Amino acid sequence: MRWIVAPKNARRAAVSALISILISALVVLVVLIHPSLAIQQSDILGLAADDSSEKIVAIGKLAETEPRLALRILPAMLAGELYRHENSLILIENGQARDAVSGQTTPLDISLLENVMVNNRLRKILASTIDGMRLLAEDRGERLKAAQNLAQSATAADLPFIDQAMARETDPAIRRQLQTAWGKAAIGSPDAATRLKAIAALRDEADPSSRQLLAALMEKDGATWRETDESARQAAREALSHVEGRLALGDNLARIFSGLSLASILLLAALGLAITYGVMGVINMAHGELLMIGAYAAFATQSFFRAYVPAYIDWYPLAALPAAFIAAAVVGMMLERLVIRHLYGRPLETLLATWGLSLILIQLARVIFGPQNVEVANPTWMSGGLTVLPNLLLPWNRLIIIVFALAVLFAMWAVLNLTRLGLFVRAVTQNRAMSACVGVATGKIDMLAFGLGSGVAGLGGVALSQITNVGPDMGQNYIVDSFMVVVLGGVGQLAGAVWAALGLGVATKFLEGWAGAVVAKIAILAIIIIVIQKRPQGLFALKGRATEN
Amino acid sequence: MAHGRLLSLFLGASLFLGATASFVQAADTIKVGILHSLSGTMAISETALKETALMTIADINAHGGVLGKQLEPVVVDPASNWPLFAEKARQLLAQDKVAVVFGCWTSVSRKSVLPVFSELNGLLFYPVQYEGEELERNVFYTGAAPNQQAIPAVEYLMSEDGGAAKRFVLLGTDYVYPRTTNKILRAFLKSKGVADEDIMEEYTPFGHSDYQTIIAKIKKFAGAGKKTCVVSTINGDSNVPFYKELGNAGLKATDVPVVAFSVGEEELRGVDSKPLIGHLAAWNYFESLKNPENSKFIKMYKEWAKSRNLPGADSVVTNDPMEATFIGIHLWKQAVEKAKSADVDTVIAAMAGQQFNAPDGFTIQMDEKNHHLHKPVFIGEIRADGQFDVVWKTKGPIKAQPWSPFIAGNDQKKDEPDAK
Amino acid sequence: MSLFNLASTSSQNGACGAQIATAAMVVFCCLVAPLLHLAVPEESVFHLSDYCITLFGKILCYAIVAVAMDLVWGYAGILSLGHGIFFALGGYAFGMYLMRQIGTDGVYHSHLPDFMVFLDWKELPWYWFGSDHFLWAVVLALAVPGALAFVFGFFAFRSRIKGVYFSIITQALTFACMLLFFRNETGFGGNNGFTDFKRIVGFSITAPGTRVTLFALSGLALLAALWLARFLTRAKFGRVLQAIRDAESRVMFIGYNPFGFKLLVWTLSAMLCGLAGALYVPQVGIINPGEMSPAASIEIAVWVAVGGRGRLIGAVLGAFIVSLAKSWFTVSFPEYWLFFLGALFVVVTLWLPNGVLGLVNTIKVRHAAPES
């Protein structure tokens, strides 16, 4: 569809279209006469044709006649790094511009050239062609990767490559993937025996597309079965129920995982609050903004790494953790010293003052970083996911955040229970006057405890930056949820917050599954209200008189 | 006596405030209102439009203004609060006596100010793609109507190059724009022979940030057969978590392409776009379009951002609503010059048929009657650098259909606003 | 707590002053303001513009909410972070009537509201029953918030949920309702809510006469709310409330059951908010779920805190100061106004625990001291 261009370019487009038609006609002619002839520079230009269908013809031609050259050019084309310059193609290899055919470097300035455009249709064909050719590669890893890709998406077109590969492949892991790929590619075969074999191959590797292929066999066109062979139909029916059972398992596990993941995020958002509100009794409406500060600290660290140590960019989240902790803790301590300490014992006033502070912090972020969201990218080790079952993919960022939440939880438990600071914090919480009498500097402890809570919120902010948007308003989305977690769990202890986060996370995800996101959220809030009616001090309230007021 | 004195004090004070507020008015400038949220949830999107408007006005002033008068921008902040939009609109029209207002983003903000504009006979230029089903005499719509964005995008997805999609997930935030767009699309798909069970409609609340369940549903739906695609009308802020989840959950554009109507260059600044290569967006303008008008526009905005010291000034981008704002202000200027007056009624009459060489590379035109622009449609694929490659475009500008023929009863509607 | 006592003693000699102020306000709302708006020509300095009438009409409604909030927070010590829900429900109840008054003048010329046509609904849902009638709308505007408050309060106070816990679950309540009303299927217009009203009891809603009438009604409603609140707080009822606020356990030891007192004042406060909402909607021309956002409810508490809680006139003052400041800041300092607003909250809570009114009193006491 690149034919349609602005009138100015129309003539040029027409000419180039004509040329490319001629070229492809020539290609066909040449190939017809000399099937073994090596491909010419001009033939490759079909890759840069205006029409997708012509490009596809050229891709197939290239892969068939010059696999070695194809393995150089096609990946570049897929990556959008193939350019056309007059009658030659230029590609980028290891950061250098080279002629696609000869491999010689060229002095051309790439930024002035238009790259060869690929759309989704081409991308799909390119990917499967490259995978098909890589099945025959020397390197085992490359072969395995290609086989895995094909096992997901092979079609009848890939059958020749797969057959070729199966004939010479010895590695059992790769063979298994090939088996599945072969099953998918061969299920449409006209030969009933082949189909039967294909059904058997699909039975064992249960993924959604196998289900789809098997289910198609069970359909009827009018009165006749699409699968004409009775025994194949029987096998397909059995395989389908087997596959569906495995898929259902994956679905349920996925739901539990997403519940756990939501729980870990709720927990990270609420842990800081569990200290400042739960332990110290300060209602900090600016808590969400401390999360925001943590997230912006992650952004700032990322920008710093990009600018000064781009080689280590992948490790910026590790550096962001202390940065976020310190930034949020310092801001938190400043808030405590300047405002909140004057309001101890007046929780409702604290609420209003910290609300004002949150407005100021939001606007400050807007002035410093701009009102738009900023980009915080997942490092490569947090991108993508771990495939446990064919339909159960656990994104790395979520997995790592679950582990991180546990680590933060443990660290906080350790600080509160094993350190001197923790001892003092607990002492001040239980009896401020008595602690002061025995020489605890209560003011200092308040500040440090508030700093600790804020710092933990900052850590939560780094985790959030890996999942959701980073902008001035981001904290507002979490303030209600965080309070719900702390209040539901029961004030004054970490265990309650953990159970509350877990319960809310999993319940939300299961409700979402059958009632949709909006209804789930409303239902959860209603449940919280009812639970608090029943247990006004939360699910895990501390027993005894200490909890009164 | 505390009550009495205090009461009279503030009664007096309020009277004074009310009386003085209507005083000040400068003589040889034309006041222009800018009504975009600078705080609250919509600040993310709308701040850039305020900057574009200020830039365009400064540029017009530098070139001699309008009818020899300088334009004087009046910026207010309705703070993403819909009743406040109505209050501020009234203030701009009644107190500041502005000749025209450029503003609003969400449908609800537009709906909230409409009665004020028709009551006080003001003039509003609305720069965002919207759901149609509306035609007001006092409003000019410089964004896309559904037939200038949604329908061409779905047609592309159904074409060979777009992947020949057979099943559709219509995913949106639960408010009027996605609802109407999806209603139109559903009718359109039906007319193309797509069965009901091949369409899945899903809505999420505002500010939704956990898309795990939705993505799992899409995967399941796509796994049930035939080529599937997602048509997303998810609202600005939720797009980042949606796309992050999409990238990590392994839904590739080659398997299940997502075409979005509210995701542009500005929204992609907040996401790492490498995992999103190949997903699509449909707009009437992309920053990556190559033509002299666009180069000028981009250069002007980049310089403006630097000179105003905007945060992140070196990485600012331009997008469709910004272009629509730019076009709107220029069309208004031309209409005022044609009418030789900034009076609302004469300007409305003079707007018909105004033409402008827009940054989208076409000479676009205000329709003679229906207050919408004739705009070209582009479909772009996301690139690794957060820009778009145009993979398809219309031959030229197409006329807007504010009353979509795919909604029952709209064939009765007139294609022009009711007279005053 | 001595400051509260000071505040209440000083308000006791205000009986005569209050009557004068009431009369002044009645005259202003029903006579002066309408005349200045309708009879004085627009060019005159004394003309009260459209903009002022709608702005002040809106703030008068806010002031009613502030008085209602002061009743529960200032006098009974119950901080609600969900009063926005009652205000919005009143608004929605009356909005239903206004939607029905549009008749067939909507975009789709149907007898149903436009958003229902759009959702392909063929008839009104059951809860829209009676929305054609003005009186029913008024009853609903009072009864729905009242009923919700009664049920919610009944369970909350019975379980003796107090202080911060109560605040947080009221926040959850308004947040849940906001999400519910955002849904299009709920039948209240989703995110857009109700808008595009045309007329009210047959009169055009944009006519100057209608506008002035609504303004006057709001003023009168505010006065009525003030008188009611004043009566309640001066009666024994009010003294028990203040006792509950200051020491709930002691009140129980003496033999009072706080439950009934709390529930009554809480329900009453919600109904006042409903009334304010009903007056607010025709004046601003839109009601949507944004009014139920937690932030909007917190702002209500801020009005009371700024004006001075435990003082009825303080609540009114607070609503005026904060709303006018917001109106002014958003125009004069569109980019920095949140700094001012945020700083205002901090300053008031830190240095003016009794709000602006407390400051005025302190100054007065200091001035009065040398004379006596």
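Observations, loosely collected:
The letters A, B and C name the chains in turn, as written, and every chain counts its residues from 1.
By definition in this document, a contact is a pair of C-beta atoms (placed from the backbone, for glycine too) under 8 Å apart; a residue touches a chain by one contact, two chains touch by 3 or more.
What you see is a predicted model; the values in this text were computed from it and never measured.
Taking each chain's centre as the mean of its CA atoms, A is the chain most distant from chain C.
When each chain is reduced to the mean of its CA atoms, the one lying nearest the mean of all protein CA atoms is B.
Contact count check for A-C and B-C (C-beta pairs in contact): higher for B-C.
Taking each chain's centre as the average of its CA atoms, chain A and chain B sit 29 Å apart. Chain C has its Cα centroid 45 Å from the Cα centroid of chain A. Rounded to a whole number, the gap between the C-alpha centres of chain B and chain C is 34 angstrom. For chain B, residues touching at least two other chains, in rising order: 38-39, 174, 203, 205. Shown for chain C are the residues in touch with two or more other chains, namely 179, 182-183, 335, 338. Each of residues 362-363, 367, 518, 521 in chain A touches at least two other chains. Those residues of chain B whose C-beta lies close enough to touch chain A in the complex are 38-41, 43-44, 47-48, 159-163, 174, 202-205, 207-210, 212-214, 216, 219-220, 222-225, 237, 240-241, 244-245, 247-250, 253-255, 257, 266-267, 269-272, 274-275, 277-278, 291, 310-312, 361-362, 381, 383-384, 386, 389, 391-395.
By the touch criterion given at the top, residues 283, 285, 339, 342-343, 346-353, 355-360, 362-364, 367, 476, 479-480, 483-484, 487, 518-519, 521-522, 525-526, 528-529, 532-534, 536-537, 549 of chain A touch chain C in their complex. The residues of chain A lying in touch with chain B in their complex are 1, 4, 6, 52-53, 80, 117, 119-121, 123-124, 127, 153, 207-209, 211-212, 215-216, 251, 254-255, 258, 261-262, 265, 362-363, 366-378, 383-385, 387, 391, 393, 395-398, 466-473, 477, 509, 512-513, 516-518, 521.
The residues of chain B lying in touch with chain C in their complex are 1-8, 10-11, 14-15, 17-19, 21-23, 38-39, 74-79, 81-84, 86-88, 90-91, 94-95, 106-108, 111-112, 114-116, 119-120, 133-134, 174-176, 179-180, 183, 203, 205-206, 409. In the complex of the two chains, the chain C residues touching chain A come out as 73, 79, 81, 155-156, 159-165, 167-169, 171-173, 175-176, 179-180, 182-183, 294-295, 298, 301-302, 305, 335-336, 338-339, 341-346, 348-350, 353.
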